[in-house]
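Naming follows writing order (A, B, C and D), and every chain is counted from residue 1.
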């Protein structure tokens, strides 16, 4: 354990540290996705997972293919798409709330207006 | 496209006519015209067939035509007829015709009813004119589907259950059939699914061993073979009149026809080897159906079980694998088609008046509605094999034919099957005695409407047909027996 | 050394807040925690030398998306109300599965990843390069996806208005 | 002799016309049409008989004529049903018998059935019956016979059930049809056996004596018995059904539910002798190829005869008595055939049987019509509602007496001659048989006179209205048949009908004749003592032999056995379980398939909940699983 700390602080930040962070973030997102009922919370969880993925892309780009920019752009586009998605999702959520006064997934089994 | 396709085209045109017709009058006009056209067509085809044969044309199938439908899979649309198809076409036309009149005032949704009815007849006609396995199977499926809606929507009693059961069991049968047909096609190595072509090839005997039971059972389900007959009582009991007529009268014949044309014709060796299994099953059907009919109390159930018995006899005779018995089988198809249609027509008409089908709740109807009473007695007598009515010639041909097999197994089975004529008498007379004779059971039954003209037309047509087949069987018998010959030669190989 | 410490702080922040974001009872708090996570992520981008990405992350996520979130929350939630969670057994199952996934992936990362890379000193990316790459049509250039994204964005705008407008 | 076709076809046309017209015509019109048609064909058959017996004898042997035939349906290369007309001595004789009795019944019914609802229908059915019966007797082949046999059965069914609102009539008609149908099953299978080995249905070929026809039957056995025994035995079962041989006789007494003229026509004179006719028709085959069956027929006939005679002694319904008497007399005919051989003198039994058939038809029709006349007068079938009617109904009384004397075998009435021939034949076969038959003849005389005295003598019963003699249309047939009964015995029957178609001169065997007349007179005397005046003897006898009396009155419980078999065994032990099995095993299995499918799908269904979270969860698990799999396998 001591070695680990010494290594960590003496060397540049290793890739697995970044990956570990994104991992925690991702599985927190997964847990949130599975355990929450509110659509908004699910959306929050999705954002978490997307961010985790974004970090991974960037990290891989930086550590494995430093001369290229694929990961970077992927993340860029992912952020853009995530923004779109959030916008639409929130529009839908608000609309649902307007109709059903609820944003709980369990209660949304009717497709009617 | 030769003129045989008209049999499919006319119902299709009827459907179009129905689409544009606006009221009941027009619907009736369209249906009546179409049905009469079909009768005329089939009479014409019979005449043409007989003249062609008289002119010495010895081909297995006459008036054949072949169109490639989908070349990569060798799917053709091919039609053609022999004496058996001619007999079946005649039967179908008569029953479609009488069915139209039996449901002349169908309510509700007459247009939709007749639409499905016409689609059903497309399937039936198509099946009888096709000589290609694929076309045959396709028409078979076309005939099955409308059944579900016709029973489910216009039926009575436990109609959803009956419709579901009938459709599912028949679909199960057709699943077996599909495997069988594809198996036949691939194992034969033929370049098309045309029956005439496949019969020239030799399907390996190992393949026949599993393809024969598959095909036979597939068609046997439709032919109400024990133990796959249970759709028949429930389905027929809940079906509307015309549908019962068409189903029991024609559709059940598809089974026998298919067994004959596909299972036996294409796989003669397996037919020889395995016929005993099915002989036992069909032998059971014959006696079992008859005994079951004795204790039923619902008229339609009685007739459905009686159909099980009679159709069992058809398959039984086919499996005897000789010319006489097979001729008898086809005649029995014809005869049973006519008389069971008559039965169902009458039951429907009686039910329409008494609002009950339980024989315990009826009695003395002969005095109140004599037309139906007399017709019912005639139907009953035909069913129990009175000479000069169609049942007699058919059954006798079957029994004489079956007796040509000399070994004890066939003998005993034949004698067992013969006993059905006694049991049939028991249940027929029981019904006749209970519902027609005796005292009137229900005072609401004392004044029932007399038969209307369209009901009379429908019933009389069927009775005349029954008499025609029963009194002058020679021409139809010889026509059929000539057409059985190719199968016999195939079996002798 | 400073880099490591910054990373450590950011990592701890992200880990703690992401867990808090999904376990918090109040939805508004969850959103706030999410904001911290997003900011932490932006920090990581900076740490990795992607300044542009850092800016985008802050502007789009922490700025745009979070505002949307907060509005949505305020519109749909009655203040003070707890967020409903799934049934307990489901939550436990979800937790176990997540932990299992975490363990499994962590195992892979810990034992396998360190053998694969060589660290190159992070260098700042030139904004011109980004612009050229984004607008070019050659290999490794991204005009087509860019256009797609723009169309997608347009569609989203239209869609969101269509969905959310009053009837 | 083409015109013989008309004999068969006219009744058919009459049936169709009457049947289609039904109630559109007045009843009288229908009756007159029916009777006229019958008159015409009776005339035609007399002409046929005259022409045949006069001109168609070659070298002392009658030829077999087939004036016309057509192929009706072809089964195999050899087997085909022809419809045709075969004229030989027995068929011509039957033509005469049937048309005569039928004509009488038609005339009689004009009055007897007057005012009944369904009069037209009645005449239509009578025509149908006449048609089928005539078709049966002129059949050229065994299948044609079977065909008309069935038609006869149906017309009998329709006529017994004529009063269809009466439950007993409906039940009786049903019973008659089903019992005979059961017998016909035997007939059919017998035909199948016979035709399979001989390759023909044709009577001409079968009875030609050509051994090559039967060549393939030698040594063939089926389940232990020789094939010819099977075939002929089964065919006899068919005959036994129609001719009411024990134990298939049960339908005949019940058949008396039909109108009385119908009983006279069908259940006394014509249809019930169809079995005898069948055996006679195939007699050469029985005689050569199945002698054991022939002997069996003799024993069955004798037993039935005795059995029925005993029952007839205690019945109280006059039509029932006559019915059992008919059974007994048909037994006589069967015995005669059974003991007969082939040839001129050996064929005595055959000749006697046919002779008895002829005379019996006449006097039994007379008895039934007389009984009908009595029933018409007193409106009851029961003996104890009658008595002393001789004062009111002289014609009926005299004609009935003549018929009773004839059946009792008193010379010079026709029954004496025919019965005497039968007894002679029996004595030649074996003395025991002769003795038994003589005893039965005595019983016959006894019960007939018991009947006679109970109706016309004895204590007068109070009637609601005074009985009166029947009108002319009913009296005429009685008188006519009485005349025939008186003279028929003097017909030199052996000149017309013999087993080998050659002449045979009947000689009265005076010993036999003496014994039988003696026995008959003794029995009549006994009956006179017991029943002419009211006396205590019958009651005493009944109490002395209480068991026997009771058993005989309930017809030896054969009906109970029948009911047991149909109700308990067929209905309750076979059909009900089968129906149950069908519903609860077969159908339940089929439904079970559906049920299993539904159950499975309802289980699987919860996976398709539509909840994205659940999908995600499963997806995640799956991903993890696959990843772990891949990872750890590497």
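Everything below uses one rule, namely that contacts are C-beta pairs under 8 Å (C-beta built on N, C-alpha and C of every residue); 3 or more make two chains touch, one makes a residue touch a chain.
All values reported here derive from a predicted model rather than from experimental measurement.
Minimum number of contact steps separating chain B from chain D: 1.
Per-chain CA centroids place chain A at a distance of 98 Å from chain D.
For the pair chain B and chain C, the distance between mean C-alpha positions equals 70 Å. Taking each chain's centre as the mean of its C-alpha atoms, chain A lies 66 Å from chain B. One finds 103 Å separating the Cα centroids of chain C and chain D. The set of chain B residues that touch two or more partner chains is empty.
Counting partner chains per residue, chain A has residues 30, 34 touching two or more of them. Counting only residues that touch two or more partner chains, chain D has 613, 617, 620. In terms of inter-chain touching, the protein chains here follow a pattern that is not a line, ring, star or complete graph. By the definition given earlier, chain contacts exist for A-C, A-D, B-D, C-D. For chain A in complex with chain D, the touching residues are 30, 33-34, 42, 105-106, 109. Of all residues in chain D, those touching chain A in their complex are 610-613, 616-617, 620. Of all residues in chain D, only 613, 617, 620-621, 624, 627-628, 631 touch chain C in the complex they form.
The residues of chain C lying in touch with chain A in their complex are 1, 3-5, 7, 10-11, 14-15, 18-19, 21-23, 27, 30-31, 34, 37-38, 41, 44-45, 47-50, 52-53, 56-57, 60-61, 64-65, 68-69, 71-73, 75-77, 83-86, 90-91, 93-95, 97-99, 101-102, 105-106, 109-110, 113-114, 116-122, 125, 129-130, 133-134, 140, 142, 145-146, 149, 152-153, 155-157, 159-161, 163-164. Chain contact summary for the complex, chain B toward chain D: residues 164-165, 168-169, 226-231, 234, 288, 291-292, 294-296, 323-324, 364, 366-367, 381, 384-388, 392-393, 396-397, 399-401, 403-404, 406, 408, 411, 414-415, 418-419, 421-422, 425-426, 429-430, 433, 436-439, 473-474, 477-478, 481.
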